[in-house]
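In the two complexes that follow, chain A is the common piece, with chain B as its partner first and chain C second.
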Partner chain A sequence: MRGTAYELLRLLLPEVTLVGLAILVLVAGLISRPSTGAQGQRPIAGWMTFVGLLAIFGLTFFIREGSLFGATFVLDGLAMFAKRLFLAAAALSVLGSLTNPQYPFARRATEYHFALLVSLLGMLVLASARELILLFVAFELMSIPLFLLTGFLKKDAVAPEAALKFFLVGTASSAIIVYGLSFIYGVMGGTMVESIPRALASGHPLMMLGMALLLAGLGFKIAAFPFHMWAPDTYEAASTPFVAWLSVAPKAAGFIALIRLYIEGVGPEALVWMPVVSVLAGMTIVTGNLMAIPQQNVKRLLAYSGVAHIGYMLVGFAALSSSGVAMMLFYLVAYMFGNMGAFFVVEAVARSEQSDGIDAYRGLAQRSPLLALAMLIFLLSLGGIPFVAGFWAKLYVFLAAVESGLYGLVFLGAVLTVVALYYYLLVARSMYIDAPTRRESVPVPGLLGAAIAICALGVVGMGVYPGPWVDVAIRAASSLF
Partner chain B sequence: MNIPVLSVMTWAPLVAAVVVMFFARHRPLLVRWASLAGATVSLVASVWVYWAYDRAAAGFQFQEEIAVVPSLGISYLVAVDGMSALMCLLTSIIIFAGVFASWTVKERSQEFYALLLVLVTGVYGVFVSLDLFIFFLFYEIAVLPMYLLIGIWGSSGEVRPQGIFGWAMGRTGVGTKEYAAMKLTLYLLFGSAFILVGILALYVANGSQSFSFLVLEQVQFDPTLQSWTFLAFYIGFGILAGIWPLHTWSPDGHASAPTAVSMLHAGVLMKLGAYGVVRVGMALLPDAAVDWAWLVGTIACINIVYGALSAMAQTDLKYVIAYSSVSHMGVVMLGAATLTPTGLNGSVFQMFAHGIMTGLFFALVGLVYEKAHSREIFKMGGFATMMPGIATAFTIGGLSSLGLPATAGFVAEFLTFLGAWSSAYQWWLFPAVIGAFLTSIYVLRVAKQIFWGPKSEDPHFQHLPDAVGTEWAALGILVFVLVVFGVMPSLAIAPVDTATVPLVERLTGR
Partner chain C sequence: MGLNAYLTLAAVVFCIGLFGVMSRRNTIGILLGIELMLNAVNINLVAFSRFVGNVDGMIFTVFTICITVSEAALGLAIVILLFRVRRTVTADHLDLLKG
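So, the complex of A and B:
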């Protein structure tokens, strides 16, 4: 690969454009800042971000595979897949928050979108990072704006608390990651990810310690058991469209890092992680599902169910096979549509009812049948019911795990989907069976409605015709083995 | 022969559901006629399939195949043999009668009929599909609408437990429709988790990337794998078939469900479970089926006696019928466990007979409730003078239930008992016969108390109308079928024989 400026630009096109977009949003916000009447500014920053993200999403189809800087930055199938996922999720989230009436969003839209774009930049770099320091820096670039965004509603009593909790847990996990990386560096004598297999094969105990610490640190980031405590509090306090993104994109980033570090090119040596990851996956599924049962707040319920979903993705990871990774990626996409859609419905209901409680959904089917139907579809998808995306996601993950002989884990996961359906059905029951307390329909702003519709289309589309999505996931994973 | 008749049969209710959902808003009569049209198309198709099924050729016929996900070997593969043709016929009769039985549903009738029809498509799909994956999809479709059907249109029971039970049951909401709906859904989905694991295990183990029943049938699976997957299928499908001690969803669910849903669920869906055990469990895993026959048969015996004893203790009419289903499904499972052609024929015949008679019972209970607004057996009395038609139908159904000759119930029980006697475990016969005896006690007791005994003094029960209009249609069809198949059992035995005899040969001729 010749390092000409043209080649450089060609491979870094999404990142470079994203930096440009972030600066543009910032400058536009500075110029157009109104002295009074906060309403004027909001749409500009938001619309610019949304359109820009769509454009960058389009651009990702014009870059081709390659690597840069001595293979520290690669663009392979996995990186492309991850970048598109991050961009799509971010665009959806921005679309959902464009009409957010909360005062801070109107007043400080520039900051919000700038922080979001910077975090996204961290994710895009992370997807391509094949070197430990770059990986870590990208991770931090992604995480720090997330702390800010969590506490964005700073006048709200719980937001600073949630941001602080998230910040403390996040930095602690970063510290653990760095600590683990130091051992790995010590054993490998280098920072390239590709030399991990050789170091692992040497069986040095410090190498194993380093990798275990790294796994724990990444476990914090993806909110796997026993590092999941921060998720519900954070989700409850932060603004919902942002949470929709927070619950998907950083988790996906964590998984990409896991794949890069533990599976890519490692070969049969990777099988040492199978027992550890299996136990982690099983515990995560059990904890997430059981903790979700007593929740009365739908955001907290979705947070715990999200923990359980991380567990299911870890099942695919535990298979440590090409199909396992592919199915995990498929699961991520299904989870993105289902989970973000559910959070958007929560947002719509919360705006009208001023509540995130399950009680706010009473009789929704009779008040706003379409909104209730959308929520039902998302919940069924998260629950893993046929003809919506979640079913195929769970099925494929299980299939990959069965191929690797993890019958026990699959059985546990399958049984606990029933537990999950219990609490999803509690929401469905509130919507469909209970009588409404009010008769008038729930107003859904057009753009939020569009975001919900896109998610619903995605969930149903993937559920009815999963073939192409599976092929994409398999292609993305094939470059790893 | 170019009409894809099985697909027509399977999807007609779904088409009707779409029509109901999108074109019949605020037009209740159109809702009913569209549903009836869908049910009629399916009925005609299933009768035709049953009639045209070539008994001499046997095997699977009317085959259709469309690849769905070629990379995973999933295809829409449907066909029927003698057993599934009879089951399709049963489904058609029950839904046809069910549409009439729910003619009077008032609240949100559009959604009610749509969900009911979707459910029926799922049931047909399970009976006709030979691709295990599609089979599983249809199975889920058949299970899920139940939650809403019971939760929205169901009725909360009149059970009032006393003392410590009252406290405990009050806490969990036992007896309410919401409780029943949730319990039923979770039990059945719990079962489907077992089934899914079993199917995936067979898929990975068969080595040819296929979910097709026809392919898997040829594979000789490893004994250990057979053993635990059979158990997984037995538990998974068994929950739906109401095996003891996993049956407790069924009385609650059936008692709380609206009439047509009880008919369909007790009449057809429980048969899906038994059908699944025979079709997937026994036919694909013959060695394990023989090894585990003792377990299947013994639990079936417990079902028969336990279900009958529980039915005797009930004071709520709907719970009596619901527990009698648990008892009768024991007969079905016992017939299957005998591993003899006679026993299996009895088993399949009992699926059909019980389906019809329990459908009839639930239709009758629904009618009685609609007119008298009560399900409490010991408050009602002497209804025969006011509603002779309903009383007669109930008595015919009851006599079939206790196995009186010239009714379908007799043929089924007789064949099963013969099979049990010629099986490896002859003692199975005794609990089965005791169960039949207990059945006669509770059925006759209920019939005497409500219909034929002295008239109740209660002022509410003085001027009750008999069945009218469409209600007759539901009762007439079911009674007719019950008697016709009782007098001419060969109508069902002949085609079923073509499926059971090869299956038994496979099971025992190893």
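So, the complex of A and C:
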């Protein structure tokens, strides 16, 4: 087999480059002198990571579709889409954390970025995995560094507690996932994802048990009801630019795994899952939105609203159709820009006010009009107001669900969108109507400002010209059916 | 012994582990429960591997063991970190964050 090594490298280019980048960051961090004091910090690890991620993002446009190792590792439209999404989210998060003034970030920037890159590697492999062992190992490679990063501020009183809660929920759900996978293996007699449809058609009770356990375990990972309780605690305690990433990329990875296992190539057999996923989606939307109302901490508010958004994406998943999956992918991109942008504004305000409370946003429009405007755009997008990305995302997901006949679910989702607007506008009212307690403007470091600006451009761009993004999402989903 | 005997054993071990995770107040106890759950998975995989007649399940088991070990290492590290900061590892006392 001539040119096999070349073929291997060509398809694995993003992963191989990412491994190289992770090692490079680690070695550079070890040989460069540790910076002393908060002022003398040189975030070399952060810059290397950021530039490297942009380069890998560019590289993904030079690889073509194909498969490796007997179709264990595939590069199809969905895999490419997911890889670009993960890389873009990680690059944005690193950009937002480059100027992080917290002491551990200056002191231990190497560890932080190395763990982040390793987790990202897990996500990239997961996007391509079509085999159960590879899928599970990639999932764990993604999850384990996340526990570590949650507890990164280790001298902090709450960060280790949040890390422990996240860890216990995460590993227990992994155990449930792999218990489900063991039954699936037993019934199929192999570990290739492509034999799932045949085993499902046989209707073996152990197969159904395995798939149900798997659904529950993945529900934990994407923080769907009733497995969502870890999300607010984790978000509140971890550092905000990391949370911005945590709230998007691992959720997206969970959805990619769901698509691969429950929809890809399954055909009409997949309709078995429609009632279960519909109920899950409805309950997730209701819980997320209602629990968000009483929150006084904006990070917790965004965490519960994130749970609700997972519910809306599950609506697209429940449609179990090509358009449903495509619109779910579109929703993920809209959610990435809106949610990450909102978290970056939270970070900017928290650095100046030392608080994540809604009170800290009082009169922000008078103090820093641009920052308040950006936050308003993100909140409106999350709420689903026309001409920003979130509106199209919700509309398209609902349209796909209507096509599949899920009228009740769409009605419920539409009603709760109004509830969601209420708590988003509470923050907006605090920014625009309440009188400021202080006069001076909120200082925004340039790089954090750039991250906010990119997110705002993304949200507005997707809102005004949704067409190209929809085409990309439809093309990514078309390879599945 | 048939396959069902092994599957039943695995299910019992898994449920004991799950019960431990739900009911133990000491975080070390919860970690032990998770280990039991993962070991039940290994019993399942090896039994299936034996009765299906290929080695895929055993390969899966090797990977599961590796992952379990790395999770246990990280979990204990977090518990030690928590004990240093808060002087307690009892779940009831970890209430700075309201779920």
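Heads up, the rule we're going with is that the second predicted complex is superposed on the first by the 470 of 481 C-alpha atoms of A that agree within 3 Å, B and C clash if a C-alpha of one lies under 4 Å from a C-alpha of the other, contacts with A are read in each partner's own complex, and residues count from 1 in each chain.
Going forward, a contact is a pair of C-beta atoms (placed from the backbone, for glycine too) under 8 Å apart; a residue touches a chain by one contact, two chains touch by 3 or more.
Model, not experiment: these values are computed from the prediction.
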Partner chain in contact with A:A91 - chain B first, chain C second, else both or neither: neither
Touching partner for A:A326 - first (chain B), second (chain C), both, neither: neither
Partner chain(s) touched by A:V410 [first = chain B, second = chain C, both, neither]: first
A:L371 touches, of chain B and chain C: first, second, both or neither? neither
Which superposed partner A:A175 touches (first chain B, second chain C, both, neither): second
Touched chain A residues, chain B compared with chain C: C
First, second, both or neither for A:A157, with chain B first and chain C second: second
Chain B versus chain C as contact partner of A:L18, first or second or both or neither: neither
Residues of chain A contacting chain B in one complex and chain C in the other: none
Residue numbers on chain C that touch chain A, as the complex places them: 14, 17-18, 21, 27, 30-31, 34, 37-38, 40-41, 44-45, 47-48, 51-54, 56-57, 59-60, 63-64, 67, 70-71, 74-75, 78-79, 81-82, 85-86, 94, 96-99
Complex contact set, residues of chain A against chain B: 385-387, 395, 398-399, 402-403, 407, 410-411, 414-415, 417-418, 421-422, 425, 428-429, 432-433, 466-467, 470-471
Touch list for chain B against partner chain A, complex: 69, 71-72, 136-137, 140-141, 144, 147-148, 151-152, 178, 181-182, 185-186, 189-190, 193-194, 196-197, 200-201, 203-204
Footprint of chain C on chain A - complex, ascending: 132-133, 136-137, 140, 144, 147-148, 151, 154-158, 160-165, 167-168, 171-172, 174-176, 178-179, 181-183, 185-186, 189-191, 229-230, 232-233, 236-237
